[in-house]
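Paired with chain B in one complex and with chain C in the other, chain A is shared by the two complexes that follow.
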Partner chain A sequence: METELLEILREQILDAEAVATAQTDLFAAGLDSMGIMQLVLAIEETFGIALEPTDLSRDHFRTIDSIAALLKSKA
Partner chain B sequence: MRRHDQGRHLAATVIELDSPPALGVLERAAECLGQRHPLLHAHIRRGADCIAAWHPGSPASLPVRHHPTGDGDLTGLVTRLLRECRIDILQPGPNLELHLATKQDGSAALILIWPHLLFDAVGIDLLLEEFDSPDKSRRQAWGETAPLPGPSQAWKLAKPMVEEMRTFPAWRIRSGHQSRTAGPPAFRLLRFTRAESTLIRHKMNSTAGELLLLPYFAAVAARAVKSVISTRHPREETALLLSLPVQRISDPTKRPLFQNHMTAWSLLLTHEELADLPGATRSLFKKYGSFLRRKLPAAMDALMALMHRCPSRLYLKPASFYLKGEICSLFHSHTGTFPSRVRSVLGCAITHAYHLPTVSSPPGIGIFFSEYDGQIAATLSWRDLSLHSGEIDALEAQLRHDLGLDQTPSPVPTQP
Partner chain C sequence: MNLIADILARRPADAIAIISGDRQVTYGELRCSAEPIARDLRSASAHLGRNPRVGLHCPNGVDYIIHSIGILLSDACLVPLAEELTAEERDQIIHTTSLDLILEADFSPNLPRNFEIRALDGAPPTFPEDQFQNLNPAFIRFSSGTTGTSKGVVLSHQTLLDRITAANRGLQLGPSDRVLWMLPMAHHFAVSIVLYLHVGAVTILESSPAREDILATAEKHAATVIYGSPFHFALLAADPSTFRWPSLRLPVATAAALPEATAQAFENRFGQPLIQGLGIIEVGLSVLNLDAASTKPQALGKPLPDYLVRLVDDSGNEVPTGTPGEFLVRGPGLLDAYLVPWHPHPTRDGYFASGDLVVRDTEGHLTLVGRKKSVINVAGMKLFPEEVEACLNDHPAVSRSLVSAQDHPHMGQIPVASIIPADPDLPPKPIELQRHCRAHLSAYKVPLRYTFVAELPLTASGKLKRHSSPLLPTPSPSS
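Let's look at the complex of A and B:
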């Protein structure tokens, strides 16, 4: 799951070089409100998990690891 | 649309400072900026191919004026400056004015006036980062310059958006625009204290999550506008068309100083969806997803590219037919933290910063948010004759209610 998230972020949302690892701070890498919405859609398409607006907290979306933990808790 | 100055509207950015920079220092910065960027003295002209393009002027200093303001009424000063401003992107001349307002208490404000076709808030943010630079060497950056697709390819790409537009008449959208001629621009600035800003963020976090800044504040703005329109048309189920401004370049570090072209994503909020704030935010969030899934952003870009290469009479008629005289229901944005990195200008510490964008009519109303150092600011922008004073009060009351600051908004008065 972490590898797929890394690919989504690098290919569709952020500069590939800005997202070095699953521990990279995504907000420092430039993830903004629109990027989060794109990411939520990509997650729904790739993993079939629909996130609600209230799932979208800074803690959940800080790193790829934290997003993966959220998705695993909802799977 | 052209008659109402669509595309030629101006905006002001106010940077409040703890003390004024020396006027000579500001004039030197204006000289360097004007020499450095040819676009600051360029104008737009359509060529023989009908494509509108920027044409450079001679590099020169930017105009600087000093305004001692006894009572410090910055919004009043900015309103006057915008009404008197001579910036016209269709004529040669400077495209950026710098004004220094000094107050009796020793503080000051730097006011930048700029045309929206050349800059947006991202561009102004980048401009502030290089504001103090003494560099005069000429740069050739002209902003985003993606090649336009050929007409037949553009039409193919644009068709899904044209089909989407054909559904607009059934929505019976409304804006604050009234059939009378719109007057000059007018503003009300809501400056929320740090305590109020904390309350606003707390309500947002508990109702929509802490990261959906744009759809949440767009829903807040839409509900405020709906409260006014519903009073004007009490027997109608009002639907609003939002033009959600989305930066074309998703990576913020790659956005240019000039012409950060935005795609306007046209999203509808129905009467039912606007009934409560969490529902309106959720609907907007889902419609954004639908817009993306149907690949309408690329279609919208292609449609805009087609419009760039057509004489305006070719697209104004269909636009007028499908939009029924409306362009959208309101303008809005949340530019997030502004300025994002700069904390001082010409050696003076920034204490607050915000934008006062003018709006055209239609739509006649705009609501714009930004935040600096934990203080949220909201600018209500309208055209005289679009709203009367009671409606402005009601707009503010509904905004404050949805933001979590007041319990119950007052009813909108029906008489001016």
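Let's look at the complex of A and C:
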């Protein structure tokens, strides 16, 4: 799951170089509200998990690891 | 008339105009930063013997505002080049507007100058230069558009003044207001931030998309007004903290249809109803739900005092109450022209036809129910399916494509594609089509789902048959 998230973020949402690892701070890497929307849609398409507005907190979206933990808790 | 020069002359130099993080910028500082930019632009375009068209490529932030002010102050016409555009889309705008200069802003704070002016050997325009200059143009805006393809909307200094004056009869903004701003400036600068500067309201910029940061800024600066898309308000309404935002008086939802659940969640959380408005690039803000936001959150409201609205059927006759009709509006500050193809004052009997399908209830409240034309609205970012189809059709494995909107609970709509493959036994992989689109189109335009089909619905003349896209179920007249 982390690998797929890394691929989504590098290919579709942020500059590939900006997302070094699953621990990279995504907000520091330039994740903005448009990027969060793209990411929410890509997660729905890829993993079939629909995220709700309550899920979209800073802590959940800080790194790939934290997003993966959120998705695993919802799966 | 130069609207920006008037604003800077009118407002006290020591009054605060913008707050961004720890940075506070006064009107005097705005002028001091913008004047050298204006001077450089004038000397870079002196050889033209007319006012130039200047593209602005700059990230959101205080500098975006300073550079825009510099461009407008120099009497140049500002053409925003939004950050999400691909090189191809950018070149298209540069070509269509026959751009003379590009102002590239650099983010590096250590450089002696944080901008660069690049001259373009502009091809002669396809529109009449004299007529264009006679308008006293301030802005050319592309992208969202409401009329099938993006034509470029030309707005003059006088038009901007007329429409911000009319909008403020509803918004009632003044020097005691502090507006929390989160939207992309390349899409919204003209009638929003210019309005705040004009009336002396403080604009508070928040660059973080995290709701914790947005609410912390709202509290720190006692924000009174917030503009956002329904997506932003859904995020804020889900905040688990105890902050109630007591200074808030006017939360305005714009850019996309407001889902009832979002409106209710926001009102429950902050004790303020979300006010929906209808902002149209060609028109400005003509309808605002000031009197029924709590009881009818999905309504756009009533026309502001300076506007007349007609809802008409395909023959141009007014529709009865409760029946959807196309939204026609008349009032101050309608667009001055479409750029390409050149069309000055594109109105009928003074009315602009927006392509929105709107229904009026027995109390006179208007509600948006769909679109006559084929625009898809992804959380406020609008796209034309024709543009995405043209891109898909360029892929060797695609014979023909249809892009349509699929409803999404939080984004409003998302683009999806139906594809007739060139070889039915060997359809391309969806990821391949996605990569192809991403190379040519802004990210939000790229379809998320691909279905392979043997045929697409066509009209008698062989064109793709599109359904008008419903945004929300039509409310019953009593609701």
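The definition used in the following text is that the second predicted complex is superposed on the first by the 75 of 75 C-alpha atoms of A that agree within 3 Å, B and C clash if a C-alpha of one lies under 4 Å from a C-alpha of the other, contacts with A are read in each partner's own complex, and residues count from 1 in each chain.
Keep in mind that, in the parts below, a contact is a pair of C-beta atoms (placed from the backbone, for glycine too) under 8 Å apart; a residue touches a chain by one contact, two chains touch by 3 or more.
Bear in mind that the values here come from a model prediction, so they are computed numbers and not experimental data.
In the superposition on chain A, contact is made by A:56 with both chain B and chain C.
By the touch criterion defined above, A:35 lies against chain B and chain C together after alignment on the C-alpha atoms of chain A. Contacts of A:15 after superposition on the shared chain: chain B is touched, whereas chain C is not. By the touch criterion stated above, A:25 is placed in contact with neither chain B nor chain C. Of the residues of chain A, those at positions 13, 32-38, 40-41, 52-54, 56-58, 61 touch chain B in one of the two structures and chain C in the other.
For chain A in complex with chain B, the touching residues are 13-15, 18, 30, 32-38, 40-41, 44, 52-58, 61. Those residues of chain A that touch chain C in the complex are listed here as 11-13, 27, 31-38, 40-42, 45, 50, 52-54, 56-58, 61. Every residue of chain C that touches chain A in the complex is listed here, in rising order: 84, 182, 184, 207-213, 231-232, 234-235, 237-238, 240, 265, 378-379, 381, 408-411, 414, 435, 438, 443-444, 448-449. For chain B in complex with chain A, the residues that touch the partner chain are 205, 207-215, 246-247, 250-254, 281-282, 285, 288-289, 292-293, 334, 336.
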